[in-house]
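Here come two complexes built around chain A, the first alongside chain B, the second alongside chain C.
== the complex of A and B ==
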């Protein structure tokens, strides 16, 4: 039966495509591009089918590789949360793949097929991390995605090597923390399967164990380094800014969101609500830290004069949103985090794509690139504006509704600092984006709008189509919020919250 | 239930119709006549869609249409009741008139980017009607934000340094208050009560702590900064850099009235008049609004730029409306709702006149308008009628609404409010009538204009005569609006 094979197809298709592209893609760029598109479409289709299956039955899918039963075999477990994230990962990867060709040709002219091979491996790693039901497997896939992302990031501009080197160090430390934590859990429980761990860790003896607590803390720190949670975010801005356009479009929206997913998965599927919020009573302090992350990220973003760097600091702030929401320890906050994974990935994707197109066309990456861009690139700037509105949180874009849930969570738990930080960041984002929109709209003031107008110079259609699709998704998802919340997000709220 | 005389989705259609015109306007960029044809088509369609519901509403019914469930527990829904209908009728009928006027103004001055102008206008009107028919606070907020953003390109239309700073101020004031105050106030309300629906009883339970209510009240009042309540008013004079049709429709009618409409909706639908009166929070509202009324009128006296003087007058008149609602008496609220309509027609006339003077003579300052009545008698006569309406003198509609506001003050036994109304009426007279007087009565040496009639283009003059005539008409026939206001207060 093919329907039952969809979960594994999400991972296998990009993996096999990586081999195929490295073997045959060297002959012609178009062939490598075609293979990439085919692989990403296939993976996205499989993810969509999986999501539909989960929505239909409302029970998690357990897929056993090779028929081996856990805890000895490897298992993929797909429930509402990761079915959604899988669709997001493969969907964003597909859109970015379509978008990639012109910029990759311009920025990485030699060995495009090797670049695309890495692209496929990265997607495999990301999707694998999301789909797996095994804590050690997760580590392996984490390394696969990390290694391919190091290689991709290093093929960027300027001192990309140096920025990537810093990322390698930090990323490796993060992965080590995670592995160490998992090791602690293994020592105590003798298993690495998540469902098994969950069952064993629920025992009273395990709840009291210092080893388990330390394991938990190590895992969390490891993941926080990976997701660039303030103050562990130092590696992110430079690495993402120097990266080539396609690399940042692929990695920036997805890497942090997948890390947030992993945090949620481990918090609630390995550990439990009682353990995370009860045994370790730190969640209030973590929300404060998240508020600080939001404020610091927003202010740093305000200080930037480089478009991509500004976006990377916005990501740092957005990570604060999601971590804070998850640690509010109530339903609205967690629902906000889960919904924000979806909306934030799409809005950063829209923005990175638009900025990438602007940089591609103007050759500038500072704010000066925005001058008169409304006239020069109307479609791209519309996407940029819509993405900006979503980040600010203007209805009916999806950014408004995630903020709605997060703020509500903050009010319900009395975390006014978090509420204040969210509102503050909305206002700062408004300043950031309207400052740019103003430049884009007024352009050079000497013309007074009556002077000679700049020529229209829009990005090619292959770049425009995925951008417009993403921008449309921002509004569509916003309008279908209650559907998404009701059919997906609420199912991800663990029992006992 | 009785058969509806219109489609259930009519409120949504009335909002959508001008959005649908946007692609048509965009595509007929090169053919101005066709482009303006689309605007007219949308304006008339919108007006008639709204009018088709008027009779049903006047019969004492309300109509609710739920578009979609946007959040669990809160839907994107539209409710047409007396108050919403009143505002929607005013806004949509004035859109038609303003379109006529814009064609005269924009073509008369050969403005750039006219397509963008008409597109943004259409979107802004959609948002305005969306606010008017909003069935709950979230829907209202969504359209409120869309209105702020769609009017930004209109305010900054000239794209010069002045427009840029005006636009910056405009967005800073409107977005920071709506995100920073109105949004959290709405969320706190929702968390406390679990409801954002408008009901005449209010949503708050009777035992809600008064300090909390006070904070929420202030957050809502200043959160909807479009109402121009002092000290959050200075975006309005700044936004006068916009072309005059924009100032006329948006900054005398749509945008600012959306602000007061939202506040009055929140006061009557979320807090409830009874709660306000019982907790005597209404005194707080009155004090804030009365301050705004008096101070803005005093500032208006000193303005030489005609549009700025009108802007400060608008700030004062908007606070009248809030003051009326703050009286928390039935007559006061009726008066404040009526004043939305009456002031709209009066003030738009004045703005149209200011624009017509600019188109015909290029003059912006009052000191340069001595003797202008010799050259533009029709315009200045309309200006006189508009002033009468805003001051509240017969035979103009403004008297009717002021009458009820004063009655409301007496019903609420707040005599100091009465004095505020009277004092401000004197000030209104003091800053408007000298303009009219100097326009007609001046010595030959003083006059800056030839004794030769040369009006602005017909496209400009006809609308201002129309609105002036309607202002007078309302004095004799305030009935439909009056009934709607009564219904809005009683029916819900």
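== the complex of A and C ==
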């Protein structure tokens, strides 16, 4: 085996681990947990090696599955964009895996090994969707990630079944739309390979074809349902709120971000800049819709009294950021979107981990859980504050820089509505988080400081370490913004933009 | 709400009709789907894989990576149903009422199924082996095998059947099938070729073309095992509401 095999290892390791856990994990929880950690570490290592390889050569890696040349066989194509997203997926999955054991034991006591099997399958599905260079293969892996996420979400609290059932209906409609769109592309071109589709769709006759245009619209709507883009977001808040802690830590940061990646991949690697912004001249309207998504998501978040539900509405707003940035049709906007995939996944992860630890320790999920949390759980609350700062966009966290690029993109195109929505959402986020921080810091002084001070009751180390690593990554990535933009993000800007 | 749903349905319907306007003509031999990649498969698949059935060659070799994940989808569906339905110590029994206990044996039903099941299972193996030459293959064989177990469970009862083929065995078999598939892929990787590149199997003394042919048979076997086990596992869980007691 040589270095050329790293791309496939990113997803084959979790796949084989899923089967191994389902076979042997039933004997002891620790064994299942150990196998999970080993698989996620292996996958992350392979993803890092792949990224380094891409950064070294600056040319995309093509990996032929079964040795067949595309378009006859399936290939993986790893360029700067998906090398970064692959590292993100496997990195977040590794951190969440380390974090998972205490909460999984408390919340999903039965047959932990099946839960971890689904965990591995979900990671395989997400990584596979990101790595593939074939439009139909993407659909197959979409099925795997969707199916395993339904099962994981349904094993949650309260009426998680009902919330997940809505998600199944919506998710299936989204997947159908995508498949129908790919079918239309196939009927007109006869190929499923993305690079081949790109070549064939560049022809004038194809650009004018109504079938191709409707295929494009169907694909986009399908992906928007999957990423919960306003107004197709109805399924997300309840499904994610009712989910168990580990499930939401894994799914909330990755699912929507991978969908955004798929949107970008299809916009620029299957269709083209001219087609997306020229032949279908709707990008301004989509930016308006994204602005609406940001405003609606932020206001809904402000109205929540449940910590997790509040975070889920922030996700809805953040999806608006990324879709808006991608359809601004300029370099800064797109760079902002790509960079925001990275930063938003990490800040969502940090917040969901911190909130998960708080719920785990206090047993409460309302704002009341936050009272006096600074004294009880100092490290967790520090992570929470840092995550909040990143969402608001306070430098030097990475949230500031992605917002900076998005706003610059908005100004360059004169999309003032989008700029206004971004600033409005930062303001609302500031209110949301400072309100919580106030409660967390002063909440226990309601008895004028005379009552007994709450004792320190921090989350266990296996939960703290990944949390702190994520929070540190928020700052480190923020500090290395110019390198990341220069070495990775600018390479993802398609020619002709 | 109903009116909005009607409007959306009409809009999507209109979109679909509109899209059909630009389709290639029905049955057109020169449509892109017939003209672009298909000639390659038709002309080369026998030569490259020694499999006369082009569908099998495309499914299990040229696009074998897709099929591996399709099999994984089936495995995932089995685990999902188990995760959601299966009763555990902490979950209360379901409200599915067991069927009344059988009074005596159903002689006709049981004798008929005893005659049928061996034939079905041999036919399943035939379908599996025939995948190379005519319609058939792993998925179909797995479904027939699974159906034969379901027939036994219906004509005897769930308990008798589970005593012969326990839930744990089913789970092991379902994982084993996908492991066979992914394992053949990984073996090619270990032998120094790409994942699922069956040509690497020539170290076992086949020609390169025959390595493809045997690789395809191997993965089809994996598919059949997983499909069979998951079929029956789904039946067991759904029929008894996850209690593995008598249902239906």
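Everything below uses one rule, namely that the second predicted complex is superposed on the first by the 490 of 497 C-alpha atoms of A that agree within 3 Å, B and C clash if a C-alpha of one lies under 4 Å from a C-alpha of the other, contacts with A are read in each partner's own complex, and residues count from 1 in each chain.
The rule is short, and it goes like this: a residue touches a chain if its C-beta (ideal position, glycine included) is under 8 Å from a C-beta of that chain, and two chains touch if they have at least 3 such contacts.
The model shown is predicted, which means the values in this text are computed figures rather than measured ones.
In the superposition on chain A, A:191 contacts chain C only, with no contact to chain B.
Legend: residue contacts after superposition of the two complexes on their common chain; A:430 is shown touching chain B, with no touch to chain C.
In the superposed pair of complexes, A:233 makes contact with neither chain B nor chain C. Taking chain A as the reference chain, the count of touched residues is higher for C when chain B and chain C are set side by side. In the superposition on chain A, contact is made by A:407 with chain B only, not with chain C.
Using the contact criterion defined above for the overlaid structures, shared-chain residue A:63 touches chain C, although it does not reach chain B. Using the contact criterion defined above for the overlaid structures, shared-chain residue A:8 touches chain C, although it does not reach chain B. By the touch criterion defined above, A:479 lies against chain B but remains apart from chain C after alignment on the C-alpha atoms of chain A. In the superposition on chain A, A:80 makes contact with neither chain B nor chain C. The intersection of chain A residues touching chain B with those touching chain C, taken from the two complexes, is empty. For chain B in complex with chain A, the touching residues are 68-72, 75, 112-113, 141-142, 145-146, 149, 153, 156, 158-161, 164, 167-168, 171, 175-176, 179-180, 183-184, 187-188, 190-191. Those residues of chain A whose C-beta lies close enough to touch chain B in the complex are 389, 392-396, 400-401, 404, 407-408, 411-412, 419, 423, 426-427, 430, 434, 438, 441-442, 445, 448-450, 479, 481-482, 485-486, 490.
Every residue of chain C that touches chain A in the complex is listed here, in rising order: 15-16, 18-24, 31-38, 40-41, 61-66, 69-70, 72-73, 75-77, 79-80, 82-84, 86, 88-91, 171-172, 175, 178-179, 182, 185-186, 189-190, 192-199.
On chain A, the positions that touch chain C within their shared complex are 1, 5, 8, 12, 15-16, 19, 22-23, 63-68, 71-74, 109-111, 114-115, 117-118, 121, 124, 128, 134, 136-137, 140-141, 143-144, 147-148, 150-151, 154-155, 161, 184, 186-191, 209-212, 214-215, 217-218.
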